[in-house]
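Following are the structures in question.
Note that subunit A is present in both complexes that follow, paired respectively with subunit B and with subunit C.
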Partner chain A sequence: MTRRAEAATIVAASGLAAFGVVLVNLAREGGVDAQVGLTFLVFVIAFGGVHLAARAWAPNATSLLLPPVVALTAIGFLEVYRLDSGRAGLQRWWLLIGASLAAVTLALLSTHTTSILRRYRNLTLLISVVLLLLPNLPSDWAVPLEGLELNGSRLWVVFDLGFTEMRFQPAELAKLGLVIFVASYLADHQRALREAHRRVGPIRVPEPRQLIPLLIAWGASVLILIWQRDLGASLLLFAGFVLLLYAATGATGYLVAGWFLGVFAGVASFLAFDHVQRRVVAWLAPFEHYQDEGFQIAQGIFALGTGSLSGAGPGLGRPDLIPNAATDFVFAAVGEELGFAGTVAVIALYALVVAVGLGVAFRSRDTFRKLLAAGLTLVFAVQVLLIIGGILRLVPLTGITLPFMSYGGSALVGNMILLALLMRISHEEAV
Partner chain B sequence: MGVFGAMGVLLLAVTWFQVVKADDLRSDPRNPRPALSERGKERGVIITADGTVVARSVQASDARSFDREYPQGELLAHTVGYTSFLFGESGLEAVYAEELRSRRDLTISDLLAAVLGRDLRPQGLEITIDPILQRAAYDALGENRGAVVAIDPRTGAILASVTKPSFDPASLLADDASTAWTTLLNDEGRPLIDRATQELYAPGSTFKTVVTATAIDTGLADPSTEFDDPAQLELPGSTATISNFSGQPCSDGATATLLQAFVRSCNTVFGDLAMQLGAEEIGITAEALGFNREIEYPWSLPEAVWRTDDLEDDLAALAQSGIGERDVRATPLHMALVASTIAGGGVTPQPFVVRRIFDSSGETLEETAPKEIGRAMSPETASVLAQMMERVVTEGTGRRAAVPEVRVAGKTGTATGPGGFPNSWFIGFAPVDAPTIAFAVLVEGSPVAGENATGGTVAAPIAALVIETWLAGEQ
Partner chain C sequence: MPDVILALLRIIFLGLVYLFVWQVARAIGSHVGISVRRKRREGTKVLFVRSETQQGVEIEVSSATVLGRSEEADLVLEDPYASDFHMRLVAQDSGLMLHDLGSTNGTYVNGRRVTAPTQLRRGDSIQVGKTVMEVR
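Let's look at the complex of A and B:
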């Protein structure tokens, strides 16, 4: 695909978002309003901006990433707008901020190249850890920067500006920093990790001391689970790390060890924490606990079933019956209003993004860039699998957002930067 | 790659929920979406044969949405039902939801249908209920709890299906309907239960019609056959006895004819007769009359019960069941079918409520053709039984069902009821020579009906009013 075709798909997908708003307006019988033009404009400016930034600073970047991302953002925006038009207005601002930061990322890396990320990996780790710990700031101290607990998880930071307050989830940015650190660490130690194996019969087993990084990541995930009660981030971090370790070394031993550690932590946390128990109960028997724990999942399933093949149509279903639909259950909302056609399209678009991301990783000759691209893509993929799998009752539901689709500023900003990083890597490798 | 395998699993799961299980999930009673999406949309009209509207949608004041109205209120609540976005649907509103719904809801298939010129406006129902008869039966029940079911024995059309106490379906449509719903659920009179078709009662002596039909049909007895006439019937293998309502012998204390026993509703003779016939023979007649089987109806009916297998080895229970007590159970609708079968010369009709379905211009789309469930007794047996039932009204326990210048046939019943208050029954038909209405009246035992309520004193007068109203309307 050429850059020109990319630009055309951006305009088309922006039109899709605007057309979705038209349909929602019509369904409400309130007449078409200015939101339509505004939405089209914001999408064209945001993604057109990223497109122009790529032309300027990463001209050889793959042009296969941006189009599916714009389409996913458009479909997600349509449902967020349909569920809560006030939040959709905010989401547009976040989209502009995210696109600006993506452009800034491309600009910065054009002068320094991605190797700068490798050079400052310890600083990146420090910043990421600080970001992760921010929500644990006291909620009631005098400083305008405070931690906040919402829906039982401690994920938020409130930045009190006096006239208004800004909320964000620093974990969304920390996620990127951690992937950068791990990719760089593994790139340096890849040979040692790969060759340090013992053979027990036919099975290659890593040296015990090579398991130390794995255990550290595992410990960090468990700590997040205890301190912030965030099952999603914890799982995401651990799964992403294990997969990246496997990608770097090709040793299935890490997958097996990671699996056992994960299951062990899962069972232990199920026994220890009632918020994990509630999640598991809601996962296994949502309809038996329809009135309380299972209500959200049951409503999500009803939404999907009622949507059936072609869906109710934008604005014509009742995804608003699902609690927290705009943040946690956008996928079910798509299923209800756009039907099986919509959900299959969404899954296919995510598969496309993941395929292009992994393609970038496979073609990379530089180990760090290879691992960074793989890591970013795998974290993205795990996130998609965990949240959609949670809605479809394949895994317990976690509070993870659906990339580019859910309402949520920090997530959108984080994912836009992730997109910029992948584009930059593909540019550097294409030279 | 594992990641893409996992994506494939997502596709399978989404196929499972959105394609394979979609219909189940959509119609799950806990899923509020179908009712919510129907809220405010136009629904089809439900009318009676004379054009009386029993359910309709009228444009709301904002001119964009529709409100559902039930002009007859409590009168037809259980048959017509309601469609509430809070509590779902019931009655015909639930069963014919698909026909009654507007197809103008902008789905792709509906748009296609519109392009192809199909009518998207909701269809209407015409029901067989006669609103005047329904009203008369409803008023006749007064403050009593009970039911009246009337059938046209020539077709099986349900002419009246009254349940008391009832409720106003409109009270379940408003936004604040939750309080009304809770009140109805907690009401000890259980107004939401359709006593006419959903509640099983011991039929008492009205079941003697079934035993008599069996006796005549099998040739075991005719109206003049004589039976022993003790004051008390000792039941074999048991310390229990059966005695007559009066506590006296049926006739002279020596012998009584079957006709005498039927007209005076003597339990001793019928206990004896049931034991002579055996559970199986009575069961054959009962099953042909609709017992122990599913009967097609807009909604599912509980099965009327005659326990052939259990009664075969238990003569005492068989004798007690022969007089409509112990293990026999039937709904008022089932007993109306029994009366209708006798009136119709022995053939049990298939009951139906919806006469036709029509489109928005009134054009008939579907019409119900009368059907039969099967033959329960020979025409001769039915005719002899009809004459015996006429004697019940002219000189027996059912005299208060008499209507001047009309030949009425009937059978009373008084059965164990709730809290020591007896349930009163009357089943019958008229006119005897060419019946146009068959019915069952049930008055549940309660302080309103009294401790001394009997089929002859409480239910028979209601039957007389029903017959009078019907025949007056026919002319």
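Let's look at the complex of A and C:
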């Protein structure tokens, strides 16, 4: 696909977003309003901006990443708009902010190249850890930067500006920083980690000392689970790390070890924490606990069932009955209003994004860039799997966002930067 | 707004989404190395521009084709100066390759006799005896 074709698909997908808003307007009998034009304009400006930034600062970047991402954002926006038009207005602002930051990322990396990320990996790690710990700030102290606990998880930071307050989830950015750190670390230690001298029975295992980073990552994700009660981020971090370790070494032993560590931590946390127990109960028996824990998942299942093959139509279903439909359960909202057909299209688009991301990784010659592209893509994929799987009751529900689709500023900003990083890597490798 | 129209619009919306997915998937498929539709090998056309009996005949070379005077050649050259199995044209991704099969009177590409396999470009002329062909 050429840059010109990419621009055309951006306009087409922006048109889809506007068409979705038209459908919601028609369903409400309110007549088509200015939201349609505004939505179209914001989509074209935001993604067109990223496109122009790529033209200027990463001209050889793959043109295949933006199109599926715009379509996902459009479908997600349609449901967010349908559920809460006030939030949709905010989401448009976040889209513009995210696109600007993606452009800034492309511009900064065009002078410094991605090797700067490799060089300053310890600084990146430090910033990420600080970001992760920010929500643990006290909620009531003099400094205008405070932690906030919502829905039983301590994920939020409130930045009090006096006249208004800004809320964000620093974990969304910390996620990127951690992937950068791990990719850089593994690129430097790839060979040592790959060698497996010792044998235990039929399995070759690496030196125990080489397992230390794995154990540190495991420990870190367990700590997050305990401190912030954020099951999603903790799982995401750990799964992403194990997969990246496997990608770097090709040693299945890491997958096996990671699996056992994960299961062990899962069982232990199930026994130790009641919020994990609630999640598991809601996963295994949502209808038996319809009144309390299982309510959200049960409503999600109802929504998917009501949607049937082609859905009730945008604005014609009742996805508003699902708690947190615009954030955690946007996939179920799509299932209700666009049906099975809509959800399959969404999954296909995610698969395409992941295919392009892994394609970039496969084509990379430089180890760091290869691992960075693979890591960013894998974390993205695991996130999609965890939340969609949670809604479909394949895995316990974790309160993480569906990338590009859920309502949520920090997530959108983080994912736009992820997109910019992948584009930059593909530019540097396309020589 | 009547329900029928809304239902129709919904289907149109989904159709457009799928059209989009299909277009993007095709582009990405070729990037990742899977062709969504089996690639039809574009045959290169060869036109007889000068021949006593075959002038104006156009053949499409989509695989290996042997040209010669023999009845058993893939394409019979009706030229007394042609050998029984005179040359082979092979369609490749880069275009046509010409292999002279040790012909007695030789094969000339753009007026120059060739013995080694030769890459042909559009507009090249191939001469065998008195027959002249042009790569289209």
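Things to note:
Everything that follows uses one rule, which is that the second predicted complex is superposed on the first by the 426 of 431 C-alpha atoms of A that agree within 3 Å, B and C clash if a C-alpha of one lies under 4 Å from a C-alpha of the other, contacts with A are read in each partner's own complex, and residues count from 1 in each chain.
By our rule, contacts are C-beta pairs under 8 Å (C-beta built on N, C-alpha and C of every residue); 3 or more make two chains touch, one makes a residue touch a chain.
In this text the structure is predicted, and so the values were computed from the model without any measurement.
By the touch criterion defined above, A:Gly313 lies against subunit B and subunit C together after alignment on the C-alpha atoms of chain A.
Once chain A of one complex is fitted onto chain A of the other, the partner contacts of A:Glu29 extend to both subunit B and subunit C.
Of the two partner chains, subunit C is the only one that A:Ala5 touches; subunit B does not reach it. Legend: residue contacts after superposition of the two complexes on their common chain; A:Leu123 is shown touching neither subunit B nor subunit C. Contacts of A:Leu16 after superposition on the shared chain: subunit C is touched, whereas subunit B is not. Of the two partner chains placed by the overlay, only subunit B lies in contact with A:Ile301; subunit C stays clear of it.
Once chain A of one complex is fitted onto chain A of the other, the partner contacts of A:Leu392 are limited to subunit B, with no touch recorded for subunit C. Once chain A of one complex is fitted onto chain A of the other, the partner contacts of A:Ala56 are absent, as it touches neither subunit B nor subunit C. On subunit A, the surface touched by subunit B in one complex and the surface touched by subunit C in the other have residues 27, 29, 310, 313, 316, 339, 355, 358 in common.
Of all residues in subunit A, those touching subunit B in their complex are 27, 29, 287, 290, 298, 301-310, 312-313, 316-318, 321, 335-336, 339-340, 343-344, 347, 350-351, 354-355, 358, 378, 381, 385, 388-389, 392-394.
On the side of subunit B, the complex with subunit A involves touching residues 1, 3-4, 6-7, 9-11, 13-15, 17-19, 21-26, 28, 30-34, 36-37, 64, 105-109.
Of all the residues in subunit C, the ones that touch subunit A in their complex are 1, 5-7, 9-11, 13-14, 16-18, 20-21, 23-25, 27-28, 31-32.
Taken together, the subunit A residues at the contact with subunit C in this complex read 1, 5, 9, 12-13, 16, 19-20, 23, 26-27, 29, 62, 64, 67-68, 71, 75, 310-311, 313-314, 316, 338-339, 341-342, 345, 348-349, 352, 355-356, 358-359.
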